[in-house]
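Got some structures for you, see below.
Paired with chain B in one complex and with chain C in the other, chain A is shared by the two complexes that follow.
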Partner chain A sequence: MRVCVIYPKSSSKKVITKEEWEKKLSEVKIRKEDMNKLVMNFLVTEGYVEAAEKFQMESGTQPDIDLGTITDRMAVRKAVQCGQVEDAIEKVNDLNPEILDTNPQLFFHLQQQRLIELIRSGQVEEALEFAQEELAPRGEENHAFLEELERTVALLAFEDTANCPVGELLDISQRQKTASELNAAILTSQSHEKDPKLPSLLKMLIWAQNQLDEKASYPRINDLVNATLEEPVT
Partner chain B sequence: MQRRVGGGGDGEMEEEEEEEEAPTHLNTSTCGHFLVISTDKLCAKYTGEGLHGNDVGAIQGNRPAPCRRLLYYFEMTVKDRGFKGCTTIGFTDDHFRNSRQPGWEPNTYGYHGDDGKLYHGQGKADSFGPTFSTGDTVGAGINYGAQEIFFTKNGKLVGGTFNDVKTPLYPTIGLHSPNEKVEVNFGQRPFAYDVEAQLKKERERRRKAVENVPLSPNVNHSIVRSYLLHFGYHDTLAAFDAANGGSFPPMLFTPHEYGNGTLDNDMFALDQRKMLRRLVRDGNIDGVFAKLREWYPQQLQQQQEHCSNIIFLLHCQKFIELVKLGMLEAAVTYARTELAPFFGSSPDQDLHLQDCLALLAYERPHETPMAYLLHFGYSELVADAINAFVLSTNPSLPASGKSPQSGLEKLLQQLTACLAEKRVLNGGQGEVFSLHRILQGGKEGGW
Partner chain C sequence: MPASAAWARPEDLVESLSSLDNTARLKALRDVKNQIIGNKTKKLSYIKLGAVPRVVEILASDTEIPLLVQSAAAVGSFACGIDAGVKAVLDSGVLPHLLKMLQNGDNKVVEACARSLKMIFHSPLAPKSDMFEGHRMELILELLNNGSENVAEVAASVLARCCETLEHQQALADAGGLRSLVSLLAGSVKKQEAALDALAALTKHNQQLSAILIMMDQGAALSLIIRLIRDKSPRMRLLACMCLAHIGKACPAGYGQEDEVRINMLGILMKLLDEPGQVGEDAPGVLADLVTNNEELQKIAQKENAVEKLADILHRDTLPAKQLEGVLLALAELCSRLEESRRQLLDSQVEAPIVAAFGHPCEGVKVAACSCVKSLSRSVKNLRTALTGERLVIPLLQLLSDPSSAVQVQAIAAVGNIVLDFTLQKTVVMQSSGIDQLVHFAQSMDPILRRNAVLALKNLLYMADSVVKGRVVNELTVSTLCELIRDSEEDVQEQAISLVRNLAYGDPDCIDYVFAHGDLLLQAVEQQLSVSLRPEISMQALYVINNVAAGNERHKDAVMDLVAPHKALSNTSGFLLNRYLQDMINPQLRVVAVWCIINLTYPGGTGTSSRVTRLKNAGVESLLQKMADDPCLDVKDRVKTALEHFSTAVTLVATTSGQ
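Moving on, here comes the complex of A and B:
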């Protein structure tokens, strides 16, 4: 696309005092039920089943998906987090076989995790067999998969896996990564947005403040947890 | 405590901004002598001679481009290039001169068919894109999100100019040689250019910009936790903490123990608030009165003197509970003794009283506009008011007279205020932010 001209923006900023700003804030009405919805959405998407049930009772807020499905999803996630990948695969196929069918990358990552667990438990022969039979064919179809496969198999070459270049694969965070990917796929398949809205809104707040900084001086909120208004920077 | 007048509760508090109307046809009242316009006001034909710089036939749309959105776009098809193909598409402002091409005057923009250049009020033009002629469809748009004016030809983007877009801008076309004829499209027909795709791209660009903002993962948990604490949702909090592997310490009734941080303030009198919320939920308003008198006799006295909310709300709620149980005679008696004294002290309270009393008039109150009073959501609000009352008795709070707010509410207010201020400073451009619509799942709760 051809761009013609860029004009510099004017540099004088509007100054808003703390008093004026607090008045503007007080005119913004946030509905309680909207906040309740936001919290419920968070509890549900992050998988806090019991908390969601209690919140439903205590606040009367309806969860946006069937709480029963959360339990199933959490069971799958937990299985991966504990390294029981085969179990997780079985469970997710019980839930909905299409999830893995339509998600080759996810399926590859789950198989990769299985391989990692075999290597972790020292079952070298089984690991090699598994890699050759299950993962190598996938690697042939897809270059990125092949690279991942090679990285994973490289684990076998090191005795001191904690300090080797691919040691991070054995880290808990790798399990978390796989678990999150699976969690997101299940949520998407249930037509539920995979991300809770609260973090997006918080990021939007930071973004909006950064944008407004260009044109005005006003009290910011820098500490999100305590939500305290700072003095405007002149 | 928000007052609901007559038509009741769930959702009529939305302040609908006035619908912005878009241009629909050419504005014949400001066009000049050198054009003849069709009866449907969508076609223009040049009738001048095209001899000099002041016999252009230019015409604007009947309204300015709406700006409470991310994009505005319209198109023009050249039916006949006439002698010299000087047809132009672009935007002009309120100082429109109908004998000058869009782009020649300051704060106007024009993509000219004869030389393919972009004029934007600077005198000389920049070489820009292809020329266009008979049979071509060109388009002009404003991208408020990116602050740019852009042009298309036959469904393909040609380019644009970045600028501080100063609204209002009117879609404008110009003709300048004999026999030139064009037809405009303000959306009554599908466009040649895929504007929807561009709109999607713009939304995606903003979404990505926001997603890339770094946010510490613990922040969400802290905010949710502090919300649950603030409103006294004790059981939820216990379950939340348990799931997070933390232990939930039981709180004792010692209001003077807590420090000044927001989290400490949120923990104030948690047991009391939990109990009061449960009593309201169970419809046991007498229980609420008893506990309040036991724990906060002084503050309650102050409330009474200011004829204030809590006492009033609780009496109304007791009345409502009696109605729910079908004990209408008891409800009437209660109204006579406890509600009647409140009449006349405040117009808001009077309206609320009317709504409550109206419940008596119907056999099936659940099917009337007053039904919202009988829903759980309404008793939630009463519980929230009591919760706020108890929080306000916290001695370590500064004496500002404002009722304490949850952190989440303050953050959402800040977000709304910042986006609103940004729009104001941008001349009112851009979509109006609506938290409510975002939560309903709309993609256009916009920002």
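Moving on, here comes the complex of A and C:
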């Protein structure tokens, strides 16, 4: 006689205990050198040049890029973050003139940032003249640029710029956005990926856990910083 | 004005470029450079102010490193993105100075100069062949081994842009370029991309170098390139595909797993069509190269909706010339054989963008648009229904007078297809100056142009009425036609004889055009029939004979005089058709030769019995009897008919004599 047992859906998931899980994890081998490379990649991409130098000395890990170029790149980024856009442009042109000559969108955003800085400092006439001289021709070449230009010039129409509809352009995050775009372009020109690898690995971890959730109950990592293994939900 | 507060007036800045004070000169140079980078308007205005010769002068005569670096960078920026800038720097004689500085001891100078060269040679205006004079090429090749990341990358990019002709490719390969470039494939992303770019230039239409690259390091180089079609960087994927497409096109023998790689590339390229910027612009051209002459792949592309996707791009507002050209070429290839693809393309309402492309300033775009129409018009159905409008035909005819011969060649080829068979297009051609132009090109010095023009006229005459035929014969003249039949190029001969075949097809009025100048034309055809060794030519000539022989008594007798002249009767080998009746290699030739006999002996004519007698005397009947069991069924059937004609004629003769 055959007995047919139907399990409820939730209990059809396999349960893996913390002990089993830790045992399996301990069987996975990660090479120390690989870890060091990931750390170095993070330091280099994020521009922690002194930390990278120290780390190179202490761990013997070779950076995948000339550390000297990081200093230049960081100087460019910092200049934008401080609102010294002209200075940033001169620096990046010394680094590699092709970057701005072959990347119209980035060039436009830098010029737009210059305009924003002029408006921020209340130099209305200068801002208008700059928009007319430098930005308007770019707008003629590209419709999307024209729209962005109009949005930026709109800042001049408001008394209280900080609370106007386009006020976010004056926000510090706008500088960050421009600085990141420039930073990414420099990294690309140096054959370096614009994002560090560590965050991608963590993203992959989260994705893999979500996939596994559908099939098994296991000690999940919810707290990425402490990497604590939670008890499996049963 | 604060934006340029740090900068003096442009006029003063330009003046300072020639200042005697080094510091002032350097400052002016940097200011100009920083103003023009990324800014076309500024480039143009500084060119107008005469800044370029002053910048070049610094490069030519200064020795301080910062001055040299800044001036080379400024030259590069002037040449980046605008033709006027390229022209200005070349006119200032910058090339020898840049090349000389490649040997400078300071790597910063070397890098800046190499980068300038890259910018200059990116433009079609740059004198590519100049780089192959003296030891210039070796200078660039040496830079491939430069320790600096950037220098090697930039040098490979310069090579990629300079290498255009077979001689260039050979010179580069002889200097060891292939090997050095393959070594770069192991480097950083930028080096790999530049190396692929240059390898693609080296293998384009070059079977020998493609074969060497396939075999290099037991196929390791090729495998590496194949891996790179899946790289993270879209530009890398594109360049790897471009390289492999060039190798595949140049080297029909191919390599292992090529079919599989091609299918992968098709999918990858289809996705790259949507990439922004340069990659998306170049992708359609690579796709066109990939599917050329590969019907299997064209079928797969059709199933993947490649035609619709490309047609969508064609409908975009503004397309860069290169992208437009690539899209049209890819469509031309995809529609070259598959009716289904042609239908898809026509359903996508592309007539307007194609007609617009006829008027594009760029030669390549016009050529591509003609190729596209040529492919579409291979479909009889399309000719009947879609490609009929004057809107298409008239602008196409205008391209016949295009200053570029490449455009003319393709335009004539397209005209040749669309005039086939259908009255509507023929009328449009007749009403415009189309015939004049085709007649003009039929006498061109360029053999391809000549061939295409004759082909177009031939198609125009296909099933045409007597008015069209009369006009073509009048304008082309019998004597020109005879010259074309005796042309130095066999391709032209074949098309010219085939033209006479179409001329002679139909009612006796039409056949009369063949005799517009006595039997000069027929004699020219007969001459080729006697001497030509090319079956295609003999075939067309036999068709001419056959079509004339199908005419009235006068026509038939003219053929008899030609193929079986009275004086040669003593010798059976003197009968021209016998050679073709006995051609065992080409059954098609035998079929048409027997058809000629059938038409000559067709019962009921007043001269039939005399022609039969003459043919009998020439040994034709006994030859035909031997062919009664010809291995080719078609021949066998026709022989039976011919022999019946012979016996009918005998009976008739007997009856007559019996009365």
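Here is the rule we use: the second predicted complex is superposed on the first by the 222 of 234 C-alpha atoms of A that agree within 3 Å, B and C clash if a C-alpha of one lies under 4 Å from a C-alpha of the other, contacts with A are read in each partner's own complex, and residues count from 1 in each chain.
Assume contacts are C-beta pairs under 8 Å (C-beta built on N, C-alpha and C of every residue); 3 or more make two chains touch, one makes a residue touch a chain.
Model, not experiment: these values are computed from the prediction.
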Chain A as common anchor, with chain B and chain C clashing or fitting: clash
Partner chain(s) touched by A:P137 [first = chain B, second = chain C, both, neither]: second
Winner by number of chain A residues touched, once chain B and chain C are compared: B
Partner chain(s) touched by A:K32 [first = chain B, second = chain C, both, neither]: first
Which superposed partner A:S200 touches (first chain B, second chain C, both, neither): first
Partner chain(s) touched by A:F107 [first = chain B, second = chain C, both, neither]: second
Which superposed partner A:R73 touches (first chain B, second chain C, both, neither): neither
Chain B versus chain C as contact partner of A:K91, first or second or both or neither: neither
Offending stretch of chain C which, after superposing on A, collides with chain B (from 254-262, 344-352, 506-514 or 524-532): 254-262
Common interface residues of chain A - those touching chain B in one complex and chain C in the other: 193
Complex interface listing, chain A residues touching chain C: 66, 86, 89-90, 93, 96-98, 100-104, 107, 114, 118, 123, 126, 129-130, 133-134, 137, 141, 189-191, 193
Footprint of chain A on chain B - complex, ascending: 2, 10, 13, 118, 120, 122, 126, 128-129, 150, 157-164, 209-211, 213, 215, 219-220, 222-224, 226-228, 231, 233-236, 238-240, 242-243, 261-263, 277, 281, 376-377, 380-381, 384, 406-422, 425, 435-436, 438-439, 441, 447
Residue ranges of chain A touching chain B (in the complex, touch as defined): 1-7, 9-10, 14, 16, 21, 24-26, 28-35, 37-39, 41-43, 48, 50-51, 53-55, 57-60, 193, 196-209, 211-212, 215-216, 218, 221, 224-229
Chain A contact footprint on chain C (complex, rising order): 1-3, 6, 30, 33-34, 37-41, 73, 76-77, 80-81, 115, 119, 149-150, 153, 188-191, 232
